[in-house]
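Got a structure here, written out as structure tokens. Questions coming.
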Amino acid sequence: MAKFKLDEIDHQILDMLIDNTRVPFTDIAKKLVISAGTVHVRVKKMEDAGIIKGSSLTLDYKQLGYSFIAYVGVFLQKTSQTKFVLERINEIPYVTVAHITTGKFNVFCKIRAKNTEHAKDVIFMIDDIEGVYRTETMISLEESLNDKKRLMHSIFNEM
Amino acid sequence: MAKFKLDEIDHQILDMLIDNTRVPFTDIAKKLVISAGTVHVRVKKMEDAGIIKGSSLTLDYKQLGYSFIAYVGVFLQKTSQTKFVLERINEIPYVTVAHITTGKFNVFCKIRAKNTEHAKDVIFMIDDIEGVYRTETMISLEESLNDKKRLMHSIFNEM
Amino acid sequence: MAKFKLDEIDHQILDMLIDNTRVPFTDIAKKLVISAGTVHVRVKKMEDAGIIKGSSLTLDYKQLGYSFIAYVGVFLQKTSQTKFVLERINEIPYVTVAHITTGKFNVFCKIRAKNTEHAKDVIFMIDDIEGVYRTETMISLEESLNDKKRLMHSIFNEM
Amino acid sequence: MAKFKLDEIDHQILDMLIDNTRVPFTDIAKKLVISAGTVHVRVKKMEDAGIIKGSSLTLDYKQLGYSFIAYVGVFLQKTSQTKFVLERINEIPYVTVAHITTGKFNVFCKIRAKNTEHAKDVIFMIDDIEGVYRTETMISLEESLNDKKRLMHSIFNEM
Amino acid sequence: MAKFKLDEIDHQILDMLIDNTRVPFTDIAKKLVISAGTVHVRVKKMEDAGIIKGSSLTLDYKQLGYSFIAYVGVFLQKTSQTKFVLERINEIPYVTVAHITTGKFNVFCKIRAKNTEHAKDVIFMIDDIEGVYRTETMISLEESLNDKKRLMHSIFNEM
Amino acid sequence: MAKFKLDEIDHQILDMLIDNTRVPFTDIAKKLVISAGTVHVRVKKMEDAGIIKGSSLTLDYKQLGYSFIAYVGVFLQKTSQTKFVLERINEIPYVTVAHITTGKFNVFCKIRAKNTEHAKDVIFMIDDIEGVYRTETMISLEESLNDKKRLMHSIFNEM
Amino acid sequence: MAKFKLDEIDHQILDMLIDNTRVPFTDIAKKLVISAGTVHVRVKKMEDAGIIKGSSLTLDYKQLGYSFIAYVGVFLQKTSQTKFVLERINEIPYVTVAHITTGKFNVFCKIRAKNTEHAKDVIFMIDDIEGVYRTETMISLEESLNDKKRLMHSIFNEM
Amino acid sequence: MAKFKLDEIDHQILDMLIDNTRVPFTDIAKKLVISAGTVHVRVKKMEDAGIIKGSSLTLDYKQLGYSFIAYVGVFLQKTSQTKFVLERINEIPYVTVAHITTGKFNVFCKIRAKNTEHAKDVIFMIDDIEGVYRTETMISLEESLNDKKRLMHSIFNEM
């Protein structure tokens, strides 16, 4: 659990970075009426505390021709193969998320593909990993929500 | 589909931004032996083309006390309620992703919570939305992979 | 059951029509060394007996932008609504086949759509029919076989 | 995607052929007040563009003693066997359609048989293919709709 | 539990009646070297003890045109309707067996019908009973075993 | 299909035998005002036609300590083992009915046992047959209906 | 989490109480060569810390005629009814355990009954609670393990 | 079945022991106005009759850091492995209950763990037992009821 205590200033810095990670520290400083050095120190502190791990580019997958999203549930032959299978899954760039889960699946993945045919190829790549017994696919007809900002704001409000 | 053609330079700029969205344009310029202005123009162009939509902060949810991840499948009473239910789901900050899906669920969500008890509360919030008929939950025992960088690199290599 | 007996000549006529329904009767006649009139009489006889119901154009749906195929299982609220629901389904041109089935579904449909988004719209059209309780969709990743000729030849060989 | 543009005349020709593929071109020509040569040229053009792939005879399967329809979901041992299994399925004339699908089945087939007993034999043929792990059958109690004409008209109206 | 003790003679009488309920008591008596009166008394005693409840005619349903067998699982809206629904099911002569069961179904029935179409009608009769929420049907492709004689012999051997 | 035509007299004879297979032919004759010989001839004729196959004793299984009824769905490893497995099932006297079925099970059995523990033993006997992959059991909480008389009367009324 | 630290003596006291909760404190004292007062103080301390909540009698349910165990999964109409339904379930003494669960069931119960018929009555009591939509029952064929001692020893060994 | 008859005094003794197994016999004696020897004799008698098997400590698992409860359904490769697998399960202290069950699972377990990660380890221990084919986990979000006292009182009231 986070023993590190964020104060009101940290909170506002995070809020601005959440909206745009490329905002210059001088802009943040001006808005909060503090020095750019203070912003730098505090961001550094939050990075050192492990709260901020980095930032990632948000690309428009539709524009890039990767609008097909599917969830693939994976059944393994033996759970002792979990680590090996996850390493193989990790070699398929079209799998963006993978979880070990409870319920009927052993591993649950999210994939992005160009279209139905490409999705078939990606699913077949997973199916062909040694130790994978069977997969079951659920196709996204519409990505209605993909937003961690609301969660982040909610977390900072609680702290 | 993207009609916009990315050249080798764009590709290398994206590669550097994918690794760290806060890298100064002057650093990129130096590395690629081009002017910072060129970097600025090209990033601007990719933003205008809608390829780069922004950047998002990567936080350590474990550090923040939000280590519990679950997938919640939602059955609706009538699909005509889909839009209404998604708007309600959108008001729950602990739901970070929601898709309209094929297969047995109408809507499929990813949630982040503090622990089992909090997860129960979040699931109950979804269950209590008018029009939601039933939910089924799959709990993540380990997030083994959450990485879009490999996909981005793969996409840029193809372009 | 068919009381009507097909002889060797009928069989060969059907074989040629199965391969190409537009083949002129004179061509068939020449090949079988019979008169075109005989061909005409026999085809007429098979039509009257109800064996030949007509012929249908085979279009290339991929070329026409309709490459997305899915199977949709429909659950009804009450089977007494079956007839009504089938009439509504019949008004959706994207549903090409519908069966009343045993097993978990009440009605089972095949649909053709332009893409994922269009498929979502078609599924929602079915979902919104009064009396439809829920649907479950299975998406085709590849149409590997769609051929009644082998069956027809097999049937004629048995007769 | 179809780059080929159909005009009003093509549209009307297709409409007439959809209703009856054996209609003589002279009849089409008379009705549309164009020359039979024009009809011929345009049909040829649509065939060359790959829009018209051919035509198939519509037989009355009930009359022919093949009124039993079932859908058979196939589970494979490994998806790497998909191609091999589909080739074996292709040798069974009673299977008229086969798709590689998402969801719980790997391959999904439509079969036509004479009666319950014959259906059992056909299902057993599929079950006995090497690499087939298990099958699940859904029996049609009534074929309520089997009509691609509405779809074709709908497609041509959009073009 | 049966407090009534069957001896060797009772056992042999039952064995002969199991094979043919119409065998005259004089034949049984002759074979067992006892008097017909003794047979009569013992059969009477077993009837009074409730062990023998009667005898039923074994008809050839295939000969009678009723070769279609299916199992129908029934889901009720509320179990408080069980008694009412069973009374309605009891009015459908094509349902020959009905059980209240554990597992996913509330009531589980066996039906006999003439063919697929008749089966559909019988299933619809069940579906249309007030309080029946949904049914799921499993069709028999072959009745491989239907024989209580082996059980009876086994029971008598244990007594 | 039965080509054999039953008349009103046959119908009434069957009705009396359905109620009690041990009723003497003289009693039937008296009631129908025909000769006992006629009854004999007609019953013989129905037996020869294969309509009457015999008669079976109705025992009170509860009285005999066999009140536990369960349905067991059997999954096979390969359907080519069906015949072999059915022969093994046929050696277990506690299995009274077995069907090859469509749907999720390959074979579907009805068993009668003394109690929960005995049922476990019977299920294990089935589970241990070579070629049986898995079984799924549904336990009867109450046998609410087990009556073929209504069906027989219904059939005779239709003839 | 337990901030309270158990030492070696506490550990040994718990070990003896786990084996027999009625063992007199003087016996424990003698065995551990400490005073009975010390035992008393330490047990009191563990009770106050909430580690020991009490002790429960272990009865032989088989001897008492309650050998039938089943697990009942409960589906609710709305999760907002969870609290109300659990209060009603709490009034049925034959339900010994109830959990709010993830997965397909909303509530999952363990019941003990006298026999199949009594189990049916208990299941119907649950089914008839307002807000309960459906239940699914899994019957125990053998209680192979019911032992918390191993867990307790394991916990104390870790502390 | 229990042939042993409990009278009113036994009943009241059990009632007091159910509430607190450590209550001194002298306290019970005083309350019931009988001698402590009588209490001793009667408890001894109930122990000899096998009605009282012992008593178990009730610990607060939450306090001890074991608040995570899950139910794990186990599928075996062959039921002939049941005994072997149960012996292996018996070596995992975190499994507190295990049943051989009807329905889809062969064995059904209850586990207690420290948290999600520990639960994963315990599930993997089960998964890795030879003969275990697959497991399915249902996580408890809240233990709403765990109380055998109501059942015991109910049983004693019936006796």
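All chains are identified by letter, namely A, B, C, D, E, F, G and H, in their written order; residue positions are counted from 1 within each chain.
Assume a contact is a pair of C-beta atoms (placed from the backbone, for glycine too) under 8 Å apart; a residue touches a chain by one contact, two chains touch by 3 or more.
All values reported here derive from a predicted model rather than from experimental measurement.
Enquirer: If each step moves to a chain the current one touches, what is the fewest number of steps from subunit D to subunit F?
Expert: The distance in steps between these two chains is 1.
Enquirer: Please state the rotation angle, between 0 and 180 degrees and to the nearest 5, that superposes the Cα atoms of subunit B on subunit F.
Expert: About 180 degrees of rotation relates the two copies.
Enquirer: Determine the centre-to-centre distance between subunit D and subunit G, using the mean Cα coordinates as centres, and give it in whole Å.
Expert: 60
Enquirer: Could you state the distance in Å from the CA-based centre of subunit D to that of subunit E?
Expert: Measuring from centre to centre gives 46 Å for this pair.
Enquirer: Residues of subunit A touching 2+ other chains?
Expert: In subunit A, the residues touching two or more other chains are 100, 102-103, 119-120, 123, 137-142.
Enquirer: Quick check on the complex: what are the subunit F residues that touch subunit H?
Expert: By the definition above, subunit F touches subunit H via 70, 119-120, 123-124, 127-128, 134-139.
Enquirer: Okay, in this complex, where on subunit E does subunit D touch?
Expert: Contact set of subunit E toward subunit D: 67-68, 116-117, 119-120, 123, 139-142.
Enquirer: For the complex, which residues does subunit D have touching subunit C?
Expert: Those residues of subunit D that touch subunit C are 1-2, 4, 14, 17-18, 20-22, 49-60, 63-66, 69, 71, 86, 89-90, 93-103, 105, 107-109, 112, 137-155.
Enquirer: Help me check something: in the complex, which residues belonging to subunit F touch subunit D?
Expert: 75, 78-80, 82, 100, 102-104
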